[in-house]
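Labels run A, B and C following the written order; every chain starts at residue 1.
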Amino acid sequence: MAEQPPIPPPAAAAPPQPPRKVVLPPHRERAHRPWRVRAEEWVRRNLFASPGQTLLTFASLALVGLVIAGAVWFVFFQANWRVITVNRWLLFAGGFPLDEKWRLWLSVALVFPLIGAAYGMWASLGRRDLLFIALAGAFVFFLTAHGDAGPSSSVWFAASLALFFLGYRVCRFVPRETGRPRTLAVRTLAALLALALPLVLIVLMVGGGAQASQFGGFMLNLILAPVGIVGGLLLAVPLALGRASSLRAISWTCTAYIEVIRGAPLIGWLFVALFILEDVISSPLIVRTMIVLAVFTAAYVAEYIRGGLQSLPRGQGEAGHAVGLSHLQTLQVIVLPQALRVSIPPIVGQAIGLWKDTALISIILPLRELVGNSRAAIAQAEFIPDRIEVYAFAAVLFWIVAFMMSRISQRMERAQGVGER
Amino acid sequence: MKRLALLGLVAAVFALAACGGDDGDGDGAAGGDVRGDTVALIEERGALKCGVTDTLPGFGFREPDGSFSGFDIEFCKAIAAAVLGDDAEVEFVAASSSARFELLSAGEVDLLSRVTTITAERDASRAVDFAQTTFYDGQGFVVHADSDIYDAADMGGATICVAAGTTTEQNLDDFFNEQGLSYTPLSGEGSEPQDQFVARRCDVFTSDKSGLAARIASLPNSDDYRFLPLTISKEPLAPGVRDYDSDWKDVVSWVVWGLINAEELGVTSANVDAWAADPPNTAVARLLGVPFEGGETADLGFAVDPQFIQRALRAVGNYGEIYARTVEPLGITRAGTLNALYTEGGILYAPPYR
Amino acid sequence: MATHAPQPPAGLPEPPEVPLVYQRRIRDLLIQALYVAVTALVIAYVVLQLGGREYGFGFLNQPASFDVGNQWLTNIDGTTNSRFTMYLVGVWSTIRVVVLAIALSTVFGILIGVARLSSNWLVSRLAMLFVETFRNAPLFVQIVLWYAVVLFGLPTIQNVINVGDFLFLSNRGIAIPWTVPDGGFWGGPDWMVGVWVAALFAAGGLAFWVRRRRQTAERETGKVQYPNRWALGLFAALALASFILLGMPVAIDRPIVEGTTYAEGMAIYPEFAALLLGLVVYTSAFVAEIVRGSIQALPRGQTEAASAIGLTAYQRLTTVILPQALRQIIPSVTNQYLNVSKNSSLASGVSYFDLFFVANIIQNKIGHAVEVFLLITVTYMLMSLVISLIMNYINRRVTLHSV
């Protein structure tokens, strides 16, 4: 899909053999030169190519030094991390009964191998992923091993991490190329992933577990976001098809739905969940919130899917009809898979967006997720000046998950060649 | 394209049906889903849903382990014990001041026990009924000890921290208008105003006096702050219940009155068991729902059985005990205030329990 | 619609015995009728369920009886003014923050996006770090974090940082010098500043006209006419001349600290600053990614050709690369602008009285959630509409001008 340059290339007689990266020296005999020379070359080319560049480099160095020094000073000398260790349970689990801690860890142990399996199935763990996992893991280990969380938490977490790698390893055995075995494996994994959330809810709630109203803290974010994303995706497909439909009544209502939902901010819709939706759907607030999250996400995802539908050449559908497939079959076998594949990157972007948006639930709703309970933590008189610590901690937790999602999507794109031109 | 449309149609119908299908019994008046029989609802559910604040020390506060504590929390427990026999069967819902009435009318909570002032507008126009007042309060002001502000007149042009969506926000407007002064409000939810005040973002922090005192007392350096000798409003803080449910309101009101009566009669959590077995007089016997000297148990006709105040007492003790356990440790004395018993100069005056 | 008969061109004549329900038009009609019926049913159900409420917008005309802080250029108190007026004050607050956030995040976004592609390894890494850090943390947490930094990181007003009586910095905000209308040395009335602003507009029009003429001449004669320099020079000269002629009707006011408040000058309150900072940092991370993607999507030959004709890196960027990339940038960036307008609703987290916060206060006092929500939604949609219209206009101009 290479674009034709709009301006005719200037008398280019040279054969089209440009270097893959401009920054790399073109010579191939690098390996024969001592590393010192090579390093010198690299530094000169990438940092001190010109006086202007030199200036930029030094300015950047100063900035880096300042930021690192500031961060180190804050994290190790100024911050009072007691606010986190004291409120650990509040921040992670909210009102979840402390005696039922094992249920939380069991859920983690259930979900981790599935994430590992997904990684193994669609992507591979690069050196950077491992580094990231090591860092995040060390962070969690520090939290679990610190203070009164007890050794059991560390054991649970270690086991979960081991299961993550087990899931990854197992799925690495699945052949990469499309075929029966892979299809079977992918379907199994998809089914397991779909079952994961109900299973987790069962683990958390059934048999003397917690009430839904006791869910809180980071755990609540981790429950609400997947529901919103999966629900939104399921709703989005018919919406996108409806908007693309040739039947006016359908396309107009779907368009209206999409535009209205996108017209107001999410906290406006949460306001609806709290103040208005109660009259229409008599269900617990947490369910109404899930509905609103799904309905909100659907409007955005539908637009991406519509973009995917539009990007398909018309011939695709016609070819389907030509080989005698019905409309529904054409849709199911030819059109939708391709449209969805094209729209994966923006959909993942939307999923990350929703994940981050769960942080604003407690502005309006009495559901106390991580940010809501952060506010409760800094209401403790001892910790009033420590709100920077609490919010920074919350930001890091959200960041870890969001970053992981974006990494997975990048790896998936690269592995599948989606979105590459 | 028609199959496409068909599929879209089916899915859309499904989607909309999912939204509309779960119909509620929303036939109540004023605000959709008002359930007329909250007592039965609580018994059926086996838990009381109590809307509380989670950021006010002494009244409603979230502890690091996720539990709640405070004066308002004790009343939730008392009422849960009265209705269900177990003060642990409470689901606390952290209700912001902006959303509290909707939580009540939506059935998200059965009881609002969160430093809520009775006002005419709330009673008349919102789907809330107020039960018996639990705490008589008034709006006060706190400044930094080194501030130049000593009186109302000094507050002209000051930045004032106040909780959003509260009566104090409105009182402030009235008060400054009367005084002919200008001010800059800074409104926030939860403990935000307090934090802004501590950070010296504002000059004055205003709220209900008890709440102010509780917040200031809980600060590590509470001597750095000074109360102004001003009370600009009446703030009777009462539990709220849904409109049109007088059975439930009676239970809530009479648990409050019962706990006050118990204090008048000298019934405490320590002696309630002994006195229930052998009541010293008919008043105590009626209050505890036990027969007096071989007679019949008086059933006064509440929606719960006659021993409900006895259970509440066993769970949390009488009014004085609750006060001493939650508010007093923050240095808010009771003697001489409105919240003392009428026999001791206050206005706590429970109607006779008979 | 054409008639049915010549419809099947592929030699598949429609069998005459097709039942009515299978005929395309009939079927489409049936499906739509069914769909409309079901939709109407659902809507009727919703309306019925919401019917228990009392409706009407009369409550908006009653006195507000609460005050709104963080006002700029207005000083409207809630005792005498209606709830709707207070809502408009909130709308004005939103507009201020949105406009500034859009402008600043565009500038920083482009800078960081370009830095991301810098041949300087360190610079590009730093830009990447910025993008990855701020893109993946929730905006709301970032805003409250900025606010926490401002609130507890800056000194109190008692220990205000004074930069030469010119700029003050404390956790009550930043005070900077600001312009005030002034009689000037002719001793004229304050509205002279209005005359000057009118003169500025006239000068702008004139400069634009000159620029257009010179551009035309340039195109026709092929000689360099410096349209931009001429226009700018003319505008500056006219502005200065009218300023002096009118007796310098604008004075600069330095801020001062009076007790615990800033007086004179202009104070940027911490709530506004935190919200703006959060919006700008977050949005510019996204804009940077868009800019990077759009530049990378350009054919490599463009850069090479530009270097070949001897343009400097800066010229290459401003005259060759960015103008072309703009065509891809603008549609995506429009989405980000729409997000900014919606994300400004997070203001209540930092006590900034935007429209959502004010609406929420009103709703809390009097109920009427449905009406309040309609009001909010319509306002945001209007804002989105305005942003879209402006961006469409810009988009049209940009795509017309570049070859």
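The criterion applied here is as follows: a contact is a pair of C-beta atoms (placed from the backbone, for glycine too) under 8 Å apart; a residue touches a chain by one contact, two chains touch by 3 or more.
Predicted model only: the values in this text are computed from it and were never measured.
Taking each chain's centre as the mean of its C-alpha atoms, the one that lies farthest from the centre of chain C is B. For the interfaces A-C and B-C, the C-beta contact count is higher for A-C. Taking the mean of the C-alpha atoms as each chain's centre, chain A and chain B sit 40 Å apart.
Centroid to centroid, with C-alpha atoms defining each point, chain A and chain C lie 27 Å apart.
Inter-chain centre distance (chain B to chain C, centres taken as mean C-alpha positions): 43 Å. Each of residues 246-247, 250, 253, 275, 279-280, 364, 385, 387 in chain A touches at least two other chains. Along chain C, residues 28, 31, 35, 39, 45-46, 49-50, 52-53, 151-152, 348, 360, 363, 369 each make contact with two or more other chains. Residue numbers of chain B whose C-beta contacts span two or more other chains: 2, 5-6, 9, 12, 19-20, 23-24, 26, 31-32, 98-99, 102, 189, 192, 195, 199. Note for the complex: chain B touches chain A at residues 1-12, 14-15, 18-20, 22-26, 31-33, 47, 49, 51, 54-57, 61-67, 91-96, 98-99, 102-103, 105-108, 189-192, 194-195, 198-199, 215, 218-220. Residues 24, 27-28, 31, 34-35, 38-39, 42, 45-46, 49-50, 52-54, 65-69, 77-79, 151-152, 156-158, 171-172, 259-261, 270-271, 348, 351, 353, 357, 360-361, 363-367, 369 of chain C are the ones touching chain B in the complex. On chain B, the positions that touch chain C within their shared complex are 2, 5-6, 9, 12-13, 16-17, 19-20, 23-24, 26, 28-32, 97-99, 101-102, 121, 125-126, 148, 157-159, 164-165, 169-170, 172-174, 177, 182-189, 192, 195-196, 199-201, 203.
The part of chain C that touches chain A in the complex is made up of residues 28, 31-32, 35-36, 39, 45-46, 49-50, 52-53, 118-123, 126, 132-133, 135-142, 144-145, 148-149, 151-153, 297, 299-302, 305, 308-309, 324, 342-343, 345-346, 348-349, 356, 360, 363, 369-370, 373, 376-377, 380-381, 384, 403. Chain A meets chain B in the complex at residues 86-90, 93-96, 98, 211, 213-214, 216-217, 235, 237-239, 241-242, 244-247, 250, 253-254, 274-275, 278-285, 291, 295, 326-328, 330-331, 364-366, 368, 372-373, 375-382, 384-385, 387.
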